[in-house]
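Letters are used for the chains, namely A, B, C and D, taken in the order the chains are written, and counting of residues starts over at 1 for each.
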Amino acid sequence: MEEKNIYKPYLMRVEKITLEAPGVRTFRLKFENEEEANAFEFKAGQFGEYSVIGEGESTFCIASSPTRKGYIECTYREAGRVTSALAKCEEGDVVGFRGPYGNTFPIDEWKGKSLLFIAGGIALPPMRCVIWNALDTRENFKDVTILYGAKNVGDLVYKNELADWEARPDVKLITTVDPGGQTPDWKGEVGFVPAVLEKAAPSSENTVAIVCGPPIMIKFTLPVLEKLGFTEDTIYTTLENRMKCGFGKCGRCNCGPVYVCKDGPVFSYKQLKALPDEY
Amino acid sequence: MTIEKYLVKKTSLPVLFDKIKASGKVVKAPKKKSHTTDFADVASFSEVTDDYIVTTQSAKSVAFPRVEKLFNYVKSKDGVQITDYALNAIPEVVMWGVRPCDAAGFDPLNAIFTWDINDVIFTTKLKKTTIIGFSCQNADENCFCTSVGGNPGSTQGSDILFTKLSSGDYLAEVISEKGKAIQALAPELFEAAPSEDKEQNLAKVDVKFTKEIIKEKVDKYFESDVWKEQAQRCIGCGTCAFVCPTCACFDIQDENHGKNGHRIRTWDSCCFSQFTLHTSGHNPRPTQDRRWRQRIMHKFSYMPDRINVYGCVGCGRCSRACPVDMNIAEHLTNISKM
Amino acid sequence: MVDVKKKAAELLSSEAVKVIIGYTEGTGGKPRAAFIQNVADVEKLIFNSQCVMNLAVYLTKAEIKKLGKPAIVAPVNVLRAIIQLAFEVQIQESDIVVLGITPDEKLVEFQSFAAIESYLEDFKMELDAKEKETLAKISGMSLEERWAYWTEELSECFKCYACRAACPMCYCHKCAVEQNKPQWIPVAAHQLGNMEWHIMRAMHLAGRCVNCDACHNACPKGINLNFLTKLMLADAQEQLGYTGPTLKEGNLLSTYNPNDQENFIK
Amino acid sequence: MSEFEPKIVAFVCNWCTYAGADLTGTSRIKYATNVKIVRFPCTGRIDFMLLLKAFGEGADGIIISGCHPNDCHYTSGNFHARRRWVMFRGLMNFMGIDTRRVQFSWVSAAEGAKWAEIVNTTVDEVRELGPYTDYKKVADYLETEVTNG
């Protein structure tokens, strides 16, 4: 085994900061060290430990697609100590990154199938990597449908990209906001994600559904998907649990014997059903 | 290597001890402190005590200390500079007076820290540690090593194991190359093996259950009220985890000192209510019975399933230290009878 | 004990309470807390001089609250904690039944918290001779010796927070030591982290500590951390006229007297 | 060898002492430059942890100052603070933290001269005591220790 301090992060320069929604930012990070940049590889669905040196580490997925080389992106909402410190970072600042950790979306197995993405609120970022990965290799897939909902219009993240997807003829985008969250000029749907999904009724034939969102959304979306004919091994989600190390040592992310950091974060609905209720 | 047996006279022990000290190695041994008996740096053999069932804390801190600097950093206007952990500065340490249960505890720790990814800080420290075990002549009601596959004279994990014989002299079993290296410091002290049987000089520890039975039961009773019943009086401190020889859960924190700082690893415990708490306020293990279940399941189900080793060596430290008498042997015995 | 058991059985069978929080036989001759929900189990209740754990710590625990209305076996240290908790609005008179118990195991019934308060008037919260002696011994050291004593003593701490978990007054869901915006106290159990944790603990218990020694009894390392709170108690009594937990006045540090001493202020 | 210059941190209330210190300046009264002033809304807001942080970061002495009794902008903040300091001083002293290095005072907005005097005498006294290393050493623990149990 390589004798390397596994806790030592790569140093990354914040190249670009995008304010996505109140308190939600996307950082584009570039390696300080070119060798590290060249050696770095990841796949859609993996996560990392991002750190503000002096404040600590925080776990987020890698929100950019592996098809876009030379940088990684993360999107986070300001909440705890580390994310508050990240929010104070400016372009040009240096942050730490360890990773990539965890498993990946089985995107190679999905070739020739249609993809249905369903996301709620701040849960679009963990899915964005696989969306872009699919769109950058668009020829491998049949229909691509994205259903994205948030509490209100302001909370929708990646507004520019939503507009891109909207404009693309090869993507069907449905956006929705919770009742009362719409603005006068809102053109999308109004309603909760499960209801909008039921109304849109996308075909389940030869289709994989990728769902990510708050537990309550997941809880009500899965039955709708089953009703639409999706089976438990054609539905995928990505979990998050509190983590410190990212590689199965710190002892807090496990759901029963399954470690979200090692066996996840990507799980099929079939796997999810077998997990004890510890997520 | 095969185990080599020798006789080491009672009077030779201090000589051996001094030779080890003189070799420049750091020697930690059980020492009577103001309130407890624990491993500590000792100046001379006279400070070493043999009057203990087990030390209050386990020997694990030699490789997994309660605070570990992972690396240092300096922040400046232009960025950050990281000074990596100096692995070559780790000293050679001899742990003297380690009980067989404690010595066995390094196996599960090692399994955790090398699971797929090698934690070189831990493994380098362990590599540089020599364990001189002393088998047990005494046990108390909290001991249950024999129920989890150990025994009071087990050589597992030790580099040399001493067993006190009826004459007061010691049977020395040299188990590993590291043990041989210690022997080589004073080969003349290691005399021809005694004929006396080792077993009759060991403490008697009754078998209360087997670890396999516990695994079978806990796997079956994940959703059971037994966890609630057992955890009722648990007050959610971290004592059990901190005295445990195999508990490895940790937290990672940054500590600043002006522009300088360290990223450190500190002990943490699955019994703390905040251990799994998400920033959003959601807690996957919201109640103490879930946390207690995690503690037992981790040791007796998840670890054997995932890394092929049980996470309990039966030292009974958690039972002795628990402020509310959460006696693990009692709880496990009850589980085994379910 | 007979009348305590009888009363406990009555309360359970009439469903006046759902659980009796008391002491029972533990392992190795040690008593432990018991949560008795069946009349048949009332026989398991015990009381002796070893029952020093402060059961009041369970009154604020969510898992125990879920069991339903409790009756609690309460020697003086528990009674004091109940008064302090009541003053801090952590428990309501209607939510618990208090079964007072004397050192010779006699039942003392209380109709109200006020009755407990007046009962406690006969048990002034004062340091005993031995405690005073230890305080005097430490205070008698030179400044350097005191600092050396406490850094040595507290360096043993590995921050398992058993002291906090066993303390009936430490009921905060998120302790100040866990606040990390900003991080007041280092998380790590090194000298500074330990020193500041124990100073903070003592300060947050000033005028609230009921001197039950639960913290010290819980400490796996046997640290004399209870003498920090004992010192606070002695100081509060001597300098601010503090007498003990009460339902009437505010907490020591959330109230003031315009005539408080200020000989140290220029 | 240059003479030891103590580093003093002053935690002061906005309404009285900070204004008083302002007056010291506008009155052109000279006083020791060793002091770094940190302004708070009220002495009642000055947490005891701040003193420990100051010592940990290398302060040799600390001044805590606010409104005279009955003059508090918020009526009773200074009364509460006074009680806290009674208790905290006792604890510091008991633990061997040098309370001679912590000076409490009431300085009103009109007492520019008193502020100068408090600072000057505190600086002199702390200079006499020398650098405060006890607490700093504990705070530097991680800098010096490689391993610990």
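Simple rule for what comes next: a contact is a pair of C-beta atoms (placed from the backbone, for glycine too) under 8 Å apart; a residue touches a chain by one contact, two chains touch by 3 or more.
Keep in mind the model is a prediction, meaning the values are calculated, not measured.
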>> With contacts counted as defined, which of the two, B-C or A-C, has more C-beta pairs across the interface?
In response: B-C
>> Can you tell me which chain lies farthest from chain B, using the average of the Cα atoms as each chain's centre?
In response: D
> Between chain C and chain D, what is the gap in Å from one C-alpha centre to the other?
Replying inline: 33
> Using CA atom averages as chain centres, what separation in Å is found between chain A and chain D?
Replying inline: 50
>> Multi-chain contacts only, two chains or more: what residues does chain C have there?
In response: 188, 190
> What residues in chain B touch two or more of the other chains?
Replying inline: 57, 66-67, 251, 253, 255, 264
> What parts of chain D, by residue number, touch at least two of the other chains?
Replying inline: 139, 142, 148
> What is the shape of the graph in which nodes denote protein chains and edges denote touching chain pairs (line, ring, star, complete, other)?
Replying inline: other
> Hey, which residues of chain C end up touching chain D in the complex?
Replying inline: 138-139, 141, 143-151, 184-185, 188, 190-192, 195-196, 199-200, 202-203, 206-207, 228, 231-232, 235-236, 239-240, 252-258, 260-262, 264-266
> Where on chain B is chain C touching in the complex?
Replying inline: 33-36, 56-57, 66-67, 140-142, 228, 231-233, 235-239, 241-243, 251, 253, 255, 264, 266-267, 269, 272-274, 287-289, 319, 321, 323-325, 327, 330
> If you look only at chain B, which of its residues touch chain A in the complex?
Replying inline: 70-71, 73, 75, 79-80, 82, 84-85, 87, 112-121, 222, 248-254, 256, 261, 263, 265, 268, 270, 275-280, 282, 284-285, 290, 294, 297-298, 301-302, 305-306
>> Residue numbers of chain D touching chain B in their complex, please.
In response: 57, 139-140, 142-143, 146-149
> Which of the residues in chain A end up touching chain C in this complex?
Replying inline: 80-81, 84
